[in-house]
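Alright, structures below, take your time with them.
Both complexes below contain subunit A, partnered by subunit B and then by subunit C.
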Partner chain A sequence: MIYDALVAPFTDFEFMRRALAAVIGLAIGGAPIGVFLMLRRMSLVGDAMAHAILPGAAIGFLLSGLNLFAMTAGGLIAGFAVAILAGVVARNTELKEDASLATFYLASLALGVTIVSIKGTNIDLLHVLFGNILAMDDQTLLLVAINATITLAVLAVIYRPLVIECVDPLFLRTVSRAGAPAHLAFLALIVVNLVSGFQALGTLLAVGLMVLPASIARFWSRDITGMMMIAVVSAMLSGYAGLVLSFHSKVPSGPAIILVAAALYVVSVLFGSVGGMVRQLFPAPHLEA
Partner chain B sequence: MAAQLHFHDVTLGYDRHPAIHHLSGEIASGTLLAVVGPNGAGKSTLFRGIVGILKPLAGKIGLGNLDVRDIAYLPQSAEIDRSFPISVFDFTGSGLWRSTGAFGGLGRRERAKIVEALAAVGLNGFENRPIGTLSGGQMQRMLFARVLLQDADVIVLDEPFNAIDAKTSADLLDLVQRWHAEKRTVLAALHDMDLVRAHFPETLLLARGAVAWGATSQVLTADNLAKARQMCEAFDDGAVACAADALPQRAA
Partner chain C sequence: MDIAWPRRLGFAVIVTVLAALAPARAQGRIEVVTSFSILADFAKNVGGDRTDVTTLVGPNGDVHVFTPSPEDARKVAAAKLVVVNGLGLEGWLPRLVQASGGKATIVVATRGIPPRKPAVGQRPGRRDGEDAVDPHAWQSVPNAKIYVANIRDALISADPAGEAAYRTNTAAYLMKLDALDREIREAVAQIPLARRKVISTHNAFSYFEAAYGVAFIAPQGVSTDSEPSARDIAATITQIRAAKIPAIFLENLSDDRLIQRIAAETGARVGGTLYSDSLSDEKGDAPTYIDMVRHNIKALTSALTN
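Now for the complex of A and B:
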């Protein structure tokens, strides 16, 4: 019975196994990025980036049909262009990162919509918008796996400058020139993971598997390592539970995954061991010193 | 002793308005220099210029053969995100950046150094505390521990004893004296004239330009202090381009 509900979908159907593999790959790459987005107060920047890559993907789609690599390349180019331009403007002028990013992603979005409405049909574009994690082919799985690997490797290299730039940006500037390159590499990683995610969850929800697990993790751990572990695990858990939920109901898979993550988030806000609201209502007695 | 920092007719400021105006002079290696002056006199601006965060509007700051990243700088209001989940140990360890770099590991020797630095500022046992749990004074002690680890030839401290109790400032002042004894060049922006008179052999009295610069007893006279206080702090929005600059003449 329990086996039928929780395991059988994956043993019986290959598309479910592929979907699970994709979700695990996305969790491993995306969740640590999400933790840094949260710590750098950039969670909404991730959302903006997701919008920024949409026109690139649409252009790729219009130029060569539903070709995965064309769409991915288009998304990467649009995302990198917006991320790097916004980063360069923010670092060299008075305009802050959020404002410059908003400007660039809106321009990118407008450009994409213009091109689509002049040239395209929008039937298959729904696929780009909302993704389809139940249609993961070899190419896509490979892309997700490669992106997760790249993410972890690059994150390991830029980890220290990234952390110190979060805590004490002025100090980093006085001891090292690594701050700006690390930040740009981090923006690039956001794009790479969004591109991975939009095959599975679509451009609109891809950022969900990055941001929600990070917010969940904040309620269960006080240090970055712990947060990243918990974020990865909760992303995987959301992915698995979302797939099961979608298999047994009419809920589409992408939204199901994000809804499960949102439910975990609510539980964490209420009962999390680090500052959960219910925990705060019943504080442990204070210590002697 | 050889000069370590040279100021060649330096003007530093914001939006073309000078906060340091035509400062020239030099600071010898091993100097313990107090930089004093009223609020808005340009102390912080001068320090920001020395560590390269602010580019001079005119003139040049020479560092000899020193890399700007080898100057340890403790800003007045550190932009530290105190809610960031990092331990006192890890945070202080970032002071070793110049030797470990972005990717170098922390071996047993480095770990011992960090523990030693924390002990030197009286923060033994704080290693695993998140930085957000420190009080203001403990925070300042931790920042001094990081400066200690930077092992820099030139140390620039911007109002290091602000909002710090007597015990803590006495402890931290001991560190400053230790650095001086180790022949490091130490610059500190300060407001407590008694403290300057007691512990700092040389003083630069700033009010956009140098009002007086030299031995502390000759600089901190009632006359000089009054003169410094009169210097106007506000920018003049209608100011014209400074004729002393070799810039193209043009009304601002």
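Now for the complex of A and C:
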């Protein structure tokens, strides 16, 4: 009975196994990035990025038609350009990261719409680019896996400056010049994760599995390592439970996964051990000496 | 409102020019307007050079969701004969003829064809009742011959002087349709009996199914172009496996990779495009009715034969 409900979908259907593998790969790569996004108050960057890639995808489309590779490459380049330009402006001027990113992504979106309309086609280019978790072919799975690997490796390299910059950017500036490169590498990681995530899984899932688990983790741990672990685990859990939910109900898989994550988030807000609402109302007795 | 003025002026000029041109073009010829491209092809074959055939819904257009423009009303007003499919396909046309103030005779090309229910479930987003009858009667060649005969009779009563020409044209075209019918039957005979079925979201092939014995089975779950759930995909896969359906024609699934996934998991072959509602343009796969039927039968046989 329990086996039928929780395991059988994956043993009977290969597409379910592939979807699960994709979700796990996405969790490993995306969730740690989400934690840093949250700590740097950049959680909405993902949605902005989904629009920023349009001109690149459009140029890719102009050059080689409906070619997924060309359009993805174009999207990557456009995403990099926006992220890095926004990062450079934010670091060297008074404008904050969110405002400069909003500026660049809107300009990028406008440029994309212009290019698309010059061509005079009404194909929804972004729709073409966005995939579905239930349709994992070998190529896409490989993309997700490579992406997770690169993300973990790069994060390991830039981890120290990134963490210090999250807590005390002024201190980092006085002791090291690694802040700027680390920040730009981090922005690049966001773009790679999002664009490959869009292509493999669609916007909702790519951004959602990055941002929501980080918010969940915030309520259960105080240190970054703990947060990243919890974020990855809760992303995997949401992915698995969401797929099972989508298998037994008629909820589409992407929304199902995000809804499970949102439910976990609500539970965390209420009962989380770090700053959860219930904990605040009924604080645990302090240890008495 | 000054901004809108030049545009209106331009429109007025265009209408005037068109109105001036129209009689010149119609000189001595019977103006025939058809509702969509397949009927236009029939009418051209019957009418030959005695008629001037125009179509309201052009190649690659969707007659189900068509909205007529003032230009279409002008065409209808000028026409002597308006050929429609009937069976509920062109609900908008009687109103258009009335509104245009024309005196055209309306010919229902499906007169005499027993209507069938759709083979595959309701077309998404359409009201009940509208689909109680499948209007795609032309998908069976014997029916196409009835269409052609109806158009011939209507042309003869509209233009008695051309009777001999219409009869000759029709006889020649009916011969071609007979040959086409034989071609389809031979092609289907090549397919083993157990493999004569496809899974498809097309709801246009009930007449084809009845005439030639290739079953079009509706997938469970996947019926709209909204995002499918895992359950929908699993149901479709189970169904294909259980019924041993050898080919899938699921064009309205938005993601091509999803179709490939279903195919990989069931061993079914992914079929090509099937034309149902309209012809393609001159350069496409199906510029005429005969080409369209040949294209469909080729897509079916190449997916179904071993």
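Criterion: the second predicted complex is superposed on the first by the 248 of 289 C-alpha atoms of A that agree within 3 Å, B and C clash if a C-alpha of one lies under 4 Å from a C-alpha of the other, contacts with A are read in each partner's own complex, and residues count from 1 in each chain.
Note that in this section a residue touches a chain if its C-beta (ideal position, glycine included) is under 8 Å from a C-beta of that chain, and two chains touch if they have at least 3 such contacts.
Since we're looking at a predicted model, the values are computed, not measured.
Superposition note: with subunit A as the common reference, subunit B and subunit C can be accommodated side by side. In the superposed model, A:Ile158 makes contact with subunit B only, not with subunit C. Geometry note, superposition on chain A: angle between subunit B and subunit C about the Cα centre of subunit A is 150 degrees, to the nearest 10.
Applying the stated contact rule after C-alpha superposition, one finds that A:Met136 touches subunit C and leaves subunit B untouched.
Looking at the shared chain after the overlay, A:Phe15 reaches subunit C, while subunit B stays out of its contact range.
By the touch criterion defined above, A:Asp168 reaches subunit B but does not reach subunit C. Of the two partner chains, subunit C is the only one touched by A:Leu243; subunit B is not. In the superposition on chain A, contact is made by A:Ser253 with subunit C only, not with subunit B.
Shortest separation of subunit B and subunit C in the overlay equals 39 Å (C-alpha atoms, whole Å). Here subunit C touches subunit A in the complex through residues 226-234, 237, 254-255, 257-258, 260-262, 264-265, going by the rule given at the top.
By the touch criterion stated above, subunit A contacts subunit B in their complex at residues 39, 157-158, 160-161, 163-164, 166-171, 173-178, 182, 221-224, 227.
Contacts from subunit B toward subunit A in the complex involve residues 51-53, 68-69, 71-73, 75, 78-81, 84-87, 91, 94, 97-98, 101-103, 130-131, 146, 150.
Residues 9, 12-16, 18-19, 127, 131-132, 134-137, 140, 243, 246-256 of subunit A are the ones touching subunit C in the complex.
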